[in-house]
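What follows is a pair of complexes built around chain A, which joins chain B in one and chain C in the other.
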Partner chain A sequence: MYNLVATRLTKRYAHIPAVDDATLALRPGKIYGLLGPNGSGKSTLMKLAAGLVHPSAGEVRVLGGPVCPAVRAQVAYMPTEPYFPGFMSVKQVGAFHADFFADFSTDAFKRLAERMELSMDMKVSQLSSGMEAKLKLAVAASRDAKLLMLDEPLNGVDLLARDVILSAIIERADENNTILISSHLIDVMERVLDEVIFLKRGRVVLQGEAEAVRARHGKSIVDLYREVYAS
Partner chain B sequence: MEYDSRTPIYLQVADMLKLRMVRGELRPGGKLPSTRALALEYGVNPNTAARIYDEMEALGLCRTERGLGTFMTNDESVVRALRRQMAEKLARDFVREMTALGYTKEQMKQAIGEEL
Partner chain C sequence: MMKLLKYELQRRRTLLPGAAIGMLFIEGAALYGIYRGGNWNTLAIAMTMLLAVGGLLLPMLDAVTKLYADYKQKQGYLLFLTPQGGYRILLAKTVFGALEIAASMLLICGCLALSAALLDRFQYGAATALLSSVGAQMGDALTTGMLFTFVGLAALQMIAQMCVALLAVTVSRAMVQSNRYNWLISLAMYFALAVGINMVNGVLLVAFGFVGDVMRLIRDESHALRMLGKYFAISAGTYAVWAAACTAVSGRLAGRSIDL
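For the complex of A and B:
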């Protein structure tokens, strides 16, 4: 049983494939790393799985079915762009998500916000970009989603807060959910990943268990990344 | 926590736990952290944490009891043997590297004597 299945999934924007003939099957109980440079299709792949864009060809199925509202309620997608209205306070951002999502835990949110040193009364417009990045993550990690997709969760986040975020991700992982993380910061993420998926110009060029990939190629994921994307 | 990304992470963490056992920081027969707590403490994937305990159980250093957790071995001879193994490896590595520097046996003994 898979939480996310992509079958020859393609998304074109004006004839240019952002995701190109991608076939993937993501299992529950695992943390996957979606790796690749800017423009390799990582965000588009997540948006396809979140139902925010529609395929040009091929298919994506989440939790055994097409991406429909009932399925989307069990998917949490954290985009790279900030999306909270400036007038809201951190507390209100939490309440807003609690209204929308049955699986949102306000307690978990409060605890995470505290660990990330986000004050409940601060307005979104007063937050630095780093704080907003942390808030985005706190919101996503407070949902008990079966498929949790985080697009560049460590971007703009300071060194110490990174550990808080990685801990939050580890804590959220259980044997029933799937966590898909896209990141440039491979050396930091490596230890948290079960499996890696390399995207190059929208195509899946390599995938497998992180440990097995390291052993098979005789090098770290970082070194392998350099090789794969050198040309 | 820095990891060498060329050797499997689970082996590196297992080595750290072995060191704690040998130093008496972990109590023989005592309960070890849950795989989740281990994952959080060392910043690794929870499946990696499970693998760490599998690896150590295969070495007779701990045993996992379903529903109860993982417990360190209460056999002190196992811990003593582990300590001996780790010390022997250090000695072997020392001799190998000193040989590569061109040191004779006598010179190696002298070098150690100076350190102690």
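For the complex of A and C:
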């Protein structure tokens, strides 16, 4: 049983492929790193799995079925862009998710917000980009979702907050859920990843267990990343 | 559904009171015109027309701009990441828009009643005189029936027009994702569909014997009330079917074809 299966998945924007014939299968109980430079299709792949965009060809199945509202109830996706409306307060963002998602824990959200130094009364419009990134992560990590997708969770976040975020991600991991993380900061993320997926121009060029990939190529993921994308 | 309606209300928590205050301000200007009388009546008429047209158009514009923002801006992720299907999201928007239109019409009717009361007070019972003369000509029951038919049909027509506008925005977004003339396509589609509604309604009225009924009415006025009820039912049915069909198509497209 896989939590996410993409089969020959393609997404084109104005005939230009953002994801090109990608095939992959993600198992529960693993933290996957979706790696690649800007424009390699990481965000589009996640949006396809979250149901925000629709495939041009191929298929994406999440938790055994096509992406539909019932599946979205068990999928937590943190986009890289800020998306909370400015009029909402941190508390209202939490209440919104508590309203719609049965797996959302308000207590966990409050704890995470406190750890990330987010005041419940602050308006989203008052938050800096780093604070909004923390809020997005607090929301996603407060859900007991089967598939947790985090698109660039460390973007715009200061050094100290990174540790809080990484520990929040690790705390969420268990044998039933799959965590998929995209990041440019491979050196920081490498230590939490079980498996890595390298995307290049929308295609999956390398996939495997982080440890096995390191052993097979005789180098760290960071060095391998440099080698793959420099060519 | 209630959760979606709650969110729609939450995001308008400053707009709705602001719009209500704006309408009351316009009504205040109209009342001042009535109070002063003479040439100031022009101000009263202009403000009353602005109140009626603005009050009906505002909910429709509000519904369209909010949906457009959900499709175009990142805040739409919040809504479309929830475990709610496209149908339900669009239905919630339609229901909320319909409630806005109903509330706006109630406010307009209240303002008109206030204006009529002031007109009676300061301009020698002009409103009562007008209503009495209409009532004397057509009978009180028919006058009341016409008033309710007019208000009811205006509300239903606005709801149908709003659903058409939501469909136009959705279709144009689904067809041409990132075209900067998206709004132009939406506008053209809206006008085409809006004309379509009225044409279909007109054809249905004729098919149900409108012309013959009018001829009979000229000969015998006692048919008027029955005829009013019949055509209210036909028009209301047409508008309801249009609104439901547009919402269903918009919902399907929003759930299956629109990329955010």
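One rule holds for everything that comes next: the second predicted complex is superposed on the first by the 231 of 231 C-alpha atoms of A that agree within 3 Å, B and C clash if a C-alpha of one lies under 4 Å from a C-alpha of the other, contacts with A are read in each partner's own complex, and residues count from 1 in each chain.
One rule holds for everything that comes next: a contact is a pair of C-beta atoms (placed from the backbone, for glycine too) under 8 Å apart; a residue touches a chain by one contact, two chains touch by 3 or more.
Computed from a predicted model, the values in this text were never measured in an experiment.
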Three-chain arrangement built on chain A, chain B and chain C clash or fit: fit
Touching partner for A:R214 - first (chain B), second (chain C), both, neither: first
Chain B versus chain C as contact partner of A:E114, first or second or both or neither: neither
Partner chain in contact with A:D187 - chain B first, chain C second, else both or neither: first
Vertex chain A, arms to chain B and chain C (CA centres, degrees, nearest 10): 160
Touched partner set for A:D158, first chain B, second chain C, both or neither: neither
Partner chain in contact with A:E227 - chain B first, chain C second, else both or neither: neither
Which of chain B and chain C A:A173 touches, first, second, both or neither: first
Which superposed partner A:G29 touches (first chain B, second chain C, both, neither): first
Overlay on chain A, chain C to chain B nearest C-alpha distance, Å: 27
Set of chain A residues, in rising order, touched by both chain B and chain C: none
Contact set on chain A toward chain B in their complex: 29-31, 163, 166-167, 170-171, 173-174, 187, 190-194, 211, 214-215, 219-223
In the complex with chain C, residue positions of chain A that touch it: 13-14, 47, 50-54, 68-70, 72-73, 77, 79, 81-85, 87-88, 92, 96, 99-101
Residue numbers on chain B that touch chain A, as the complex places them: 3, 5-6, 8-10, 36, 39-40, 43-48
Chain C residues touching chain A - in the complex, by the definition given at the top: 3, 6-7, 10-11, 13-14, 74-78, 80-85, 88, 177-178, 256-257, 259-260
